[in-house]
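Next come two complexes, and both contain subunit A; in the first it sits with subunit B, in the second with subunit C.
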Partner chain A sequence: MKKHIIPLIFLVILIIIPPFLSGYMLRILTAVVMFATLTEAINIIAGYAGYPAFGNVVFFGMGAYVTAILMNHGFGFYLTLIPSIVTAVLFAVVIGFPVLRLRGHYFAIASLGVNVAVMEIVNNLKIAGAAEGLTLPLKKGANPHVVYTYFYYLFLVVLVLSVIFTIWLEKNRFGFGLRAIRVDEDGALAMGINTPLYKTLAWSYSAVFTALVGSIYAYWISYIDPETVFDPIISVKMFVMMLIGGASTVYGPLIGAVLLELIAEVVWSKFVNIHGIVLGAIIILTVILIPKGFLDLFTGGFSWRRLVQNIKENMI
Partner chain B sequence: MSEVILKGRGVTKKFGGLVAVNSVDFDVYEGEIFGIIGPNGAGKTTLMNLIVGLLPLSDGEIYFRNVRISGKKPYYIARLGIARTFQIVKPFKGMTVLENIMVGAFFGHGNYTSYKEAYERAEEIANLVGLWEKRDELVDHLNLAQLKRIELARALALEPEVLLLDEVMAGLNPTEMEKIMDLVRDINKKGVTVIMIEHIMKAVMGLSSRMMVLHFGTKIAEGTPEEISQNEDVIKAYLGERYSKRRKSA
Partner chain C sequence: MIIQILINGVLLGGIYGLIGLGFSLVWGVTNLINLAHGSLVILGAYATFWIFHFLHIDPFISIPLVMVALFIVGYLMQRYIFNLAIKADVFLTLIMTFGMDVLLAQLMIVMWSADWRSIATTYQGKSFIIGQYLFPYTRVLGFVAALILTILTAIFLNRTKTGQSIRAVALDMMAARLMGVNPGKTYAITFGIGTALAGAAGSLISVIQSFNPAVGGGITLRAFVVAILGGLGSVEGAFLGGIILGIIETFSAFYLGESFKNVVTFTLFVIILVTRPRGLLGKKYYG
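Coming up: the complex of A and B.
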């Protein structure tokens, strides 16, 4: 229970802070919360189960499109959430069955391929507006700040749900199964774990949260096209955030999302021309110096010896 | 004699042109310690992989208490009550000793579904196999002898009726070996049927009630340890043709 106190304090701050923020700051914070949720979601399949789902953004895009299409046909926003989840889960199950048989890099590439394929399909789908994309009805409100606060809270709710889920996972039989699969799949099989089922379930849970975020994103931005919502860069970002913060931990992904999003913002404003290089260098340094992520640095305590030891262990 | 708990008929495994296990028949009786020995590459580990379902059989059938288990998934067989250890230890790294054992408790025959139940069961087993002092340490920091105990503990947490041990003695020093042998005896006394695969003759001879010898995938002998140690074919397989001839003429 003790380790949840600091996060709870942060949650309270997150709940009361919107009225005190400028429009720009609120937007950045919303993006941080959104990415924190996406990272928490990819953490289920890539962190706990160890399956590098590089195409996880496919669920984000699906959620966005299901919501966009349904809202264009007169459905209310909340009514689109269930179809959004159902579509993503069905897809995770149907595609997961063959694809989750692959391991390591092969799975990463296959899941990326699935994402690109779906993007191309949507690019040619009339009902989805093909390559032109879709416009969503605007959310009405007294003023823009009220509207943006509404979306901020929506994202925050999903974030809290995903964190609660991960906390449950940590202490649950299902979570133990996933961790065993990550380390040694044959070992897991011999321990009586139904690995195909568990992997598919893990990907489905990951899909649920990712699709929900996609749905809210579509309504928030109010215009989507295939290139944006199926952008593999979003997957990469989730991955980097997870690694920087600490994979297969409850709070690591959140720390990663905050750090990367804020660092990216600062770097972008200070080094307009070379921000890509600086950001890349920061990511490489973190992975070499603290391979277990920043959370490990906070909980394990900082010492130079550990940094040196990490460098030694990472040398080839 | 008691009931047959594990039965194999014509068990065969081919890897391309290589016949790793060639039409082996075996009967393991409930409550015994059954040894499987043979030189390197005799097909011992392959046979074990066939029993637990990690490899599909090319031919033949395996029964557990008259239930056919050949062709079934490994997790199904494990839950049915057949647990194994791995020769090349496969600890779940990044998890503590207790958490490793809990995996077995969660998914095994005993079906402990709550965290608390699995935790308590894991504590009992950690105590039993002598890992109590190490229970909260990450398995990453353990030595080989301790990792072999983890293998045993995890398999035990599944609450198996049949326990297959794949070279649990290999790589251990004589003192550690002695301790593991005591442990295996204790486990067997609690009613668990044990099948031991060993390279080291001494270990199996001291423990098994009956044993079977594999050579190039074929069963060349079966019987009590005394019978096996007198068997000409076994001596030939282990020590070579010349030694066998010299022994005969002497």
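Coming up: the complex of A and C.
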């Protein structure tokens, strides 16, 4: 229980802070919470189970599109959430069955291929507005700040749910099974773990949270198009956040999301022209210098030697 | 009509083969999936463009020049950046090369803007006719250049000492090290060659279509498809994979429409990955 106290304090701060923030700060904080949830979700399949789902953003896009299409046909926002989850889970199960048999590189690029294939299909779907995208009905409210606060809380609820799920996972037979798969899949199978079922379940859980975030995102931004909601760079950002914070930990992804999103925001505002260069450099340096995450670097005191050690382990 | 489409497909496929060759060579030997490959192809296209613009050297003649320049870029990139994390987990190296892709694409936009560029040679748009079939000069020259470079790569890998050391490292790194091969340098040379081939493919692309830094992503994905189609094992495989992709794309563009081309390509990609992950002609690496 002790290790959850600090996060709980942060949660209380997150709950009471919106009225004190400017519109701009609230937008940044909403983006941080959104990415924290996405990262927490990818952590289930990529962190715990060790399956690098490089195309996880496909569920984000799906959630966004299911909500957008249904709302354009007169459904209320909350009514679209169930279909959004169901679509994502069905897709994760149907695609996961063949794709999750692949390992390592092959799974990573197959999931990326699935992502791009779905994006291209949506690009040609009339009901989804094809390449022009879809606009959603605007959320009505007393003033913009109230509306944006509403979206902030929506994202926060999903984040809390995903964190609770991960805490449950840590102590659970299911979570131990996933970690066994990461360490040695054949061994896990030999120990009687139903690995195909576990992997598919892990990907489905990951899909549920990702799709929920996608649904809220669509309503929040109120305009979506295939290039934006299926953008592989969103997957990559999730990965980098997970990395920075530390994979297969409960709170690592949150720390990573805060750090990277804040850095990205500073870079965006100060150097608009070269933000891609800075982001690329951050990604490369993260992989080379802190492949085990930021927390690992500081546990037991920071030392330069640890950085050198990290490089030496992976260099040729 | 079908034969004309087939001809177009094969001619396009040669260039796809060259794009896939550099990509699959790097993947097969160093185990690095280089997501920056498309951006390196575009870098080659820009190099060709500027050489044509300032020195008025024909794009096909400047290919060796572009290749030397890109080899140096690739060698340094692998030696001093990618080699530092080459033994890390798959998804770490994937992310690293993606970071490089983001960096390169933005760098090119900053330096040369996002404007569409194209090279207008005197023979552009002209073609010769055999029987009733049309052969555009630029496409035929592009195909021939791609074929020559593929053959040269095969000869290099099989007949030269450096080429053999590359294959040795791909087969068994420890044994190669014991035989006095320096794996770090060999990786850098391999990546340099992959980049040089990407640059050459960029030269060919700059003649047949207009380009800007944003088209790199699509090229990387095509390199993937080619590498998977042909299997990672061999030079011939990559070339054949390119031809197959070229034919599939031109046929689906003709019968289903230009916008459905990518749907077919990437659906096929996933299906092949799932059913035959080693590719249609796959064998173990470049050994």
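Note that the second predicted complex is superposed on the first by the 307 of 316 C-alpha atoms of A that agree within 3 Å, B and C clash if a C-alpha of one lies under 4 Å from a C-alpha of the other, contacts with A are read in each partner's own complex, and residues count from 1 in each chain.
Here, contacts are C-beta pairs under 8 Å (C-beta built on N, C-alpha and C of every residue); 3 or more make two chains touch, one makes a residue touch a chain.
Predicted model, so just to flag it, every value in this text is computed and none were measured.
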Combined model on subunit A: subunit C and subunit B, fit or clash: fit
First (subunit B), second (subunit C), both or neither touched by A:161: neither
Which of subunit B and subunit C A:187 touches, first, second, both or neither: first
First, second, both or neither for A:54, with subunit B first and subunit C second: second
Touching partner for A:233 - first (subunit B), second (subunit C), both, neither: second
Partner chain in contact with A:263 - subunit B first, subunit C second, else both or neither: neither
Which superposed partner A:173 touches (first subunit B, second subunit C, both, neither): first
Following superposition on chain A: angle at subunit A, subunit B versus subunit C, Cα, nearest 10°: 80
Subunit C versus subunit B, contacts on subunit A by residue: C
Contacts of A:195 with subunit B and subunit C, given as first, second, both or neither: first
Least Cα gap, in Å, left between subunit B and subunit C after the two complexes are fitted on chain A: 14
Shared subunit A contacts, counted only where both subunit B and subunit C touch the same residue: none
Of subunit A, residues touching subunit B in the complex: 171-173, 176-177, 179-180, 183-184, 186-195, 248
Complex interface listing, subunit A residues touching subunit C: 46, 52, 54, 98-99, 101-102, 104-106, 108-110, 113-114, 116-117, 120-121, 123-124, 131, 232-233, 236, 239-240, 243, 273-277, 279-284, 286-288, 291, 311, 313-316
Interfacial residue positions of subunit B with respect to subunit A in the complex: 52, 54, 73-75, 78-79, 83-84, 86, 90-95, 99, 102-104, 106-109, 113, 115, 118, 154, 158
Subunit A-facing residues of subunit C, complex: 31, 33, 81, 83-96, 98-107, 109-110, 183-184, 187, 217, 221, 224, 228, 259-260, 262-263, 266-267, 269-270, 273-274, 277
